[in-house]
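Note that the chains are named A, B, C, D, E and F in the order they appear, and that numbering of residues resets to 1 at the start of each chain.
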Amino acid sequence: MGGYGDVQMIDENGLRMDGRKPGDLRPISIETGVIPVADGSCRMVWGTNEAIVAVYGPMEAHPRKIQRQDRAVIDVAYNMAPFSTTDRIRPGFNRRSREISKVTKDALESVVLLELYPRSKIRVSIEIVSAEAGTRCVGLTAASVALADAGIPMTDMVISVASGKVNDVVVCDLNKEEDNYGEADLPMGILPNTGELVFLQMDGDLSPDEFKQAWDYNVDAAMEVHKLMIDALKGGDN
Amino acid sequence: MGGYGDVQMIDENGLRMDGRKPGDLRPISIETGVIPVADGSCRMVWGTNEAIVAVYGPMEAHPRKIQRQDRAVIDVAYNMAPFSTTDRIRPGFNRRSREISKVTKDALESVVLLELYPRSKIRVSIEIVSAEAGTRCVGLTAASVALADAGIPMTDMVISVASGKVNDVVVCDLNKEEDNYGEADLPMGILPNTGELVFLQMDGDLSPDEFKQAWDYNVDAAMEVHKLMIDALKGGDN
Amino acid sequence: MGGYGDVQMIDENGLRMDGRKPGDLRPISIETGVIPVADGSCRMVWGTNEAIVAVYGPMEAHPRKIQRQDRAVIDVAYNMAPFSTTDRIRPGFNRRSREISKVTKDALESVVLLELYPRSKIRVSIEIVSAEAGTRCVGLTAASVALADAGIPMTDMVISVASGKVNDVVVCDLNKEEDNYGEADLPMGILPNTGELVFLQMDGDLSPDEFKQAWDYNVDAAMEVHKLMIDALKGGDN
Amino acid sequence: MSAPTVPNLLRDHLADLAQNDSRLDGREQFGARELKLETGILPRAEGSARVTMGNTIVLAGVKFQLMTPYPDRPNQGGLMCSCEVRPIAGRHWEAGPPSPEAIELGRVVDRGIRESGCIDVDDLCIIPGEKAWQVILDLHAISDDGNLFDAFALAGIAALRSAIVPAERFEVGQDSPLKVSKKPIMCSYHKVGGRFVYDASYKEELGGDERIHITLGDDNHVHSLQKGLKGIFTADEFEEIMEHAKSRCAELRKIVD
Amino acid sequence: MSAPTVPNLLRDHLADLAQNDSRLDGREQFGARELKLETGILPRAEGSARVTMGNTIVLAGVKFQLMTPYPDRPNQGGLMCSCEVRPIAGRHWEAGPPSPEAIELGRVVDRGIRESGCIDVDDLCIIPGEKAWQVILDLHAISDDGNLFDAFALAGIAALRSAIVPAERFEVGQDSPLKVSKKPIMCSYHKVGGRFVYDASYKEELGGDERIHITLGDDNHVHSLQKGLKGIFTADEFEEIMEHAKSRCAELRKIVD
Amino acid sequence: MSAPTVPNLLRDHLADLAQNDSRLDGREQFGARELKLETGILPRAEGSARVTMGNTIVLAGVKFQLMTPYPDRPNQGGLMCSCEVRPIAGRHWEAGPPSPEAIELGRVVDRGIRESGCIDVDDLCIIPGEKAWQVILDLHAISDDGNLFDAFALAGIAALRSAIVPAERFEVGQDSPLKVSKKPIMCSYHKVGGRFVYDASYKEELGGDERIHITLGDDNHVHSLQKGLKGIFTADEFEEIMEHAKSRCAELRKIVD
């Protein structure tokens, strides 16, 4: 959240700079099977974001010390490619990527039927090759599609959307300028069949009422994205 | 040792800037049991130094390759907190801390009855939260109190004091200015019951006579500190 | 390859700045047994280059995961000492050294009879203590002498030489200025008994004809160096 | 932090206790451990605090450095929040590079303080484009018996509020208190025995599931949220803990004064 | 890359195929897999390309930064080529610091492009001694079914040739295409079943021996060579693959236009 | 250095020898191995030395760099001493980040040289506040048969005393010898078989206990001490080795001239 400034991001008709209404999503397209050597994969283009996800496994968990006797573990690596942003990102260790990898792992482990694969590892690699705000949401959503593409049993899909606030207006699915100059960002990971949550972060400043509005936008948007996912998976096992 | 300069550190009456005579120690207070989750612990305030030490173990030594078949090993981590000095210290790897950890470990392994605990590890964590010259001495001394607090059998306690030289005068227990502008620093680790040594370092410039004087100051001071330690441990097993 | 410039490196008589003809080698001296604690060793002075190589082993390969059931592995560490160049080299990780270590290992593993020592490791340490262009060649050649000195069976020795191009003239065994201001560098690793290759790199710009000339220079030079190696090993097992 | 095998006996025991609306140490679902906040306890730091919550003890220290403002923000200084859990804090914390758990801990506490806007970075500028203060808040765990998140957040804001800008030592003016305009407070909840409890102990963390961290500011504005670990929760569950957080944050905000 | 135990059954099978002048997927010794080159595919990069060779897929992206020229080369900018193979690209690629294999891969591709002189670093100078462009080419593997070397090299030169210098964003003039004067092309050969084949698949790499990488420029000038892995080859073998490389590079050079 | 299991047979053997006042190679308690010091042996270094002590061989090289003096010490250059023991030096030395043993080794040798004040850092200033020399002494082990400490210290001071300040190459004046005003000498003692011996071999180190390093300057002034490893010693033991160090340092000081 970069703070106010004088940037006007909502016009006199209540429309956003890219023409969306406050509750609108950016355009989304989803494709599976994009990585021939992977067990499951997904390319998701969401606005100008592009995430590519590979799933490998279940496979033997090594090193041994990460093995769990009674269930599989999911190993998530989220990474932004050096050319994915306006200013190049130096490759290498990065606390932000580590944290996003961890919360994504926590969200996915909440829905995958881990106990079916004791002592195994499922590897999920998320590469953001083009970034435009909300990459953690796109990565998590695409990861759940790639897991389904790999035939990994899950209790539900995970759909992640971030709403927020710009110029004191609550808006759905922040784009880059809204994220940079906005006042709050609330990404959530939602199970479409039950409305339950497996992922939640937030930073900025939201009054209780604004918070409620942002929350509702996310839940509605998730249902919309869910339809696109089902289409992409062609009536698969979700 | 920062070298001479023109700083006058001993007044016309032979007293030091903080009012001490050449052979005097700074005020010392010792408290045990300060870390509820540890097996033994000690907080030692020595001048404006404050060291907090935790002892965990004996416990299984892992990774396996550090195990010794016939005895325990002591794993010492000495660290200065970022806010312990006038200029903040950046956290992370640091050759000085590694070296102090090693000589502290060497000193403690000389007195702990390691052969009672084959294949085990005893973890000693020394955190300097306020630093004012002589932190390695305070850390080592506090560590031997924490080991006693944890009930680890030792042949003797270790007391460490550093004497040195300022304005060509040998003085006991250097404070910060004396350490910065002084000409020599001689820290020793002394066993109070036998007068033997388990720790010795020195740098700077001492003539043979000055060296003898500094050595004697350290031995006398160690006996003084020993009394405070016994009080703190309430007549414990030393 | 630093690119042309206006540096004149070949005089009107076709001689190079150090007086050599295009096809000439720099002076070379070879000494074995220079490291008393090693199983085999070699010091090779080649122009102003000096490489010192130690061989340890065959010994147990650890960590276990590098072991091969059916053969030995060779562990090569090529390193340039900080004082080996005009500008000091900072110690530590370095992609260039890693790559040279790897291609040297690949070359040596091609001639050592690895299958005689299953589950073993042979350690080859190459230290360049004085550098003057062509250090990878000197290191590899010296390593094969040190292996012979250690009595490790090989199908053949490896001799490595780099020819290149300066002022559009192909020359053998580039020296420092020729390497800095020249237009191409072609290091090869040659088996003297068969003329086969186990090492090949090149960068710069060579026309097909120039390439052929540089190649031939290297092969001829290798035969010359071979004689010196045999002398140094006093009619040993090559 | 090393990953202990999930202790099933402990999980079962915690589930039984939850059935009877009790906890290991007898507390109620939203009961807190005894809390002590002391400030000005580190002589070398420009601001400091010690928080004791039951057997959990943490320190916070504030240091200042001069920085050159970033070219695109010539009128701003900086606030950095760094968080270390070293082996002293418990036998489950090991030496080495920060674990994913430690990284998350640091980033969540940092966001709670930074996103509240409690430090106005424009106030930290000394000479635009040339000199500004960088405020560094270091959080240091001494004894981890659970809920380091809340302990760190509380020690952090208290240390900042006690800090004196050391302008004289840096020869850029007179010493003065650091301006801290807001009081962001974090409350953390762990799913233990199937329900969320407040201020979990280490054993509850060990035998529990997901956790949720809520940082609230004045007028119950939300400044930071984080769900951690594997686990699913409902909107109703979230609403319940959010209600408790509002009242508890108000209590704690008074202590910070 | 983790070192798999040498798969002897695979080696035997590959040797049998070689006897019959065939390969796992039926190709001839110097046959290539289907190749697709797309440019301008990454919206945030100033130049980009995707290369698909059978089941091998890589991306290349070009970014620009301003740099101060080195004191001894005040009229020159810089070209940096960085190469990452992250776990997404295959189950044999693991997270962590770059393996010796990945380091070699990056350095060989880098040398092929840099040594050709295709980018004139004098052209990258904006104000001598003060400001110059640093061009950064990042190579990123998406799917590794063998021969990443050639895929990276081709994507790299294509991305550079598609790049626009973002002078307006950096307020140093008008945007214009990056000048790329040459087209270095790499061809790689693996010893499989006792002979060298072109464009090896991952299984052929796994069951093969040494590899040789050849980068040729205009008029068949040699710009870069590298022999990798354990193995011995003859001058005649080298001559044979060099001949093939000359004709294949000419074909590929047309595709880059 | 990897930690070998304590070799009990070796310890017993060393104890027996000590009983008879003998050592593995027949030396007396304070006997030294044959020593050779050569200088000017590294063509690329501005100063250099090779020390051979029995089968122990080390190199020292001196390089110079220009530095900007630190703001609080505008009239001073710098002296840096760096110490590497790479796998070439013995089968017990392994690649990787420096072990605690190697760190201690480097720091003790560094202190001995630096604390003697043999290099006057004020002499290294070229233009106050702008330009000064940084002297870098690199110590490099070639063959470790014990007592690297003394070999490094001796090679280090000898290399410094042979160094020429390369002012011409850096275009800041005329080349001239580096001024080295003192000759700090280190003597090291290992407790072997229950008593301290001088100039221990690697096997004596392996089967021994603690070690003590003493650096003496002119008039027997003490410049640096270090006790390393597990072990207890008495004041009398220390006095005995200090007496020997005084006479041995005097001998070695002559060799350095």
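Just so we're on the same page, a residue touches a chain if its C-beta (ideal position, glycine included) is under 8 Å from a C-beta of that chain, and two chains touch if they have at least 3 such contacts.
Because the structure is a prediction, the values reported are computed rather than measured.
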item: Longest centre-to-centre distance from chain A, chain (CA-based); value: F
item: Mean-CA-position distance for chain D and chain B (Å); value: 32
item: CA centroid of chain D to CA centroid of chain F, Å; value: 48
item: Whole-Å separation of chain centres (CA-atom averages), chain A against chain C; value: 52
item: Multi-chain contact residues (two or more partners), chain E; value: none
item: Junction residues of chain A, two or more chains touched; value: none
item: Topology of the chain contact graph, where touching chains are joined (line, ring, star, complete, other); value: ring
item: Order in which chains appear around the ring, chain B first, chain F after it; value: B, F, C, E, A, D
item: Sites on chain A touched by chain E in the complex; value: 35-38, 48, 50, 52-54, 56-57, 59, 77, 79, 81-88, 91, 123, 125-127, 129-132
item: Of all residues in chain F, those that touch chain C in their complex; value: 42-45, 48, 55, 57, 59, 61-63, 65, 82, 84, 86-91, 95, 136, 138, 140, 142-145, 169, 202
item: List of chain A residues in touch with chain D within their complex; value: 1, 3, 66, 68-70, 95-96, 98-99, 101-103, 106, 109-111, 184, 186, 191, 194-208, 211, 215
item: Chain B-facing residues of chain F, complex; value: 3, 5-6, 100-101, 103-104, 106-107, 111, 115-117, 210, 212, 217, 219-235, 238
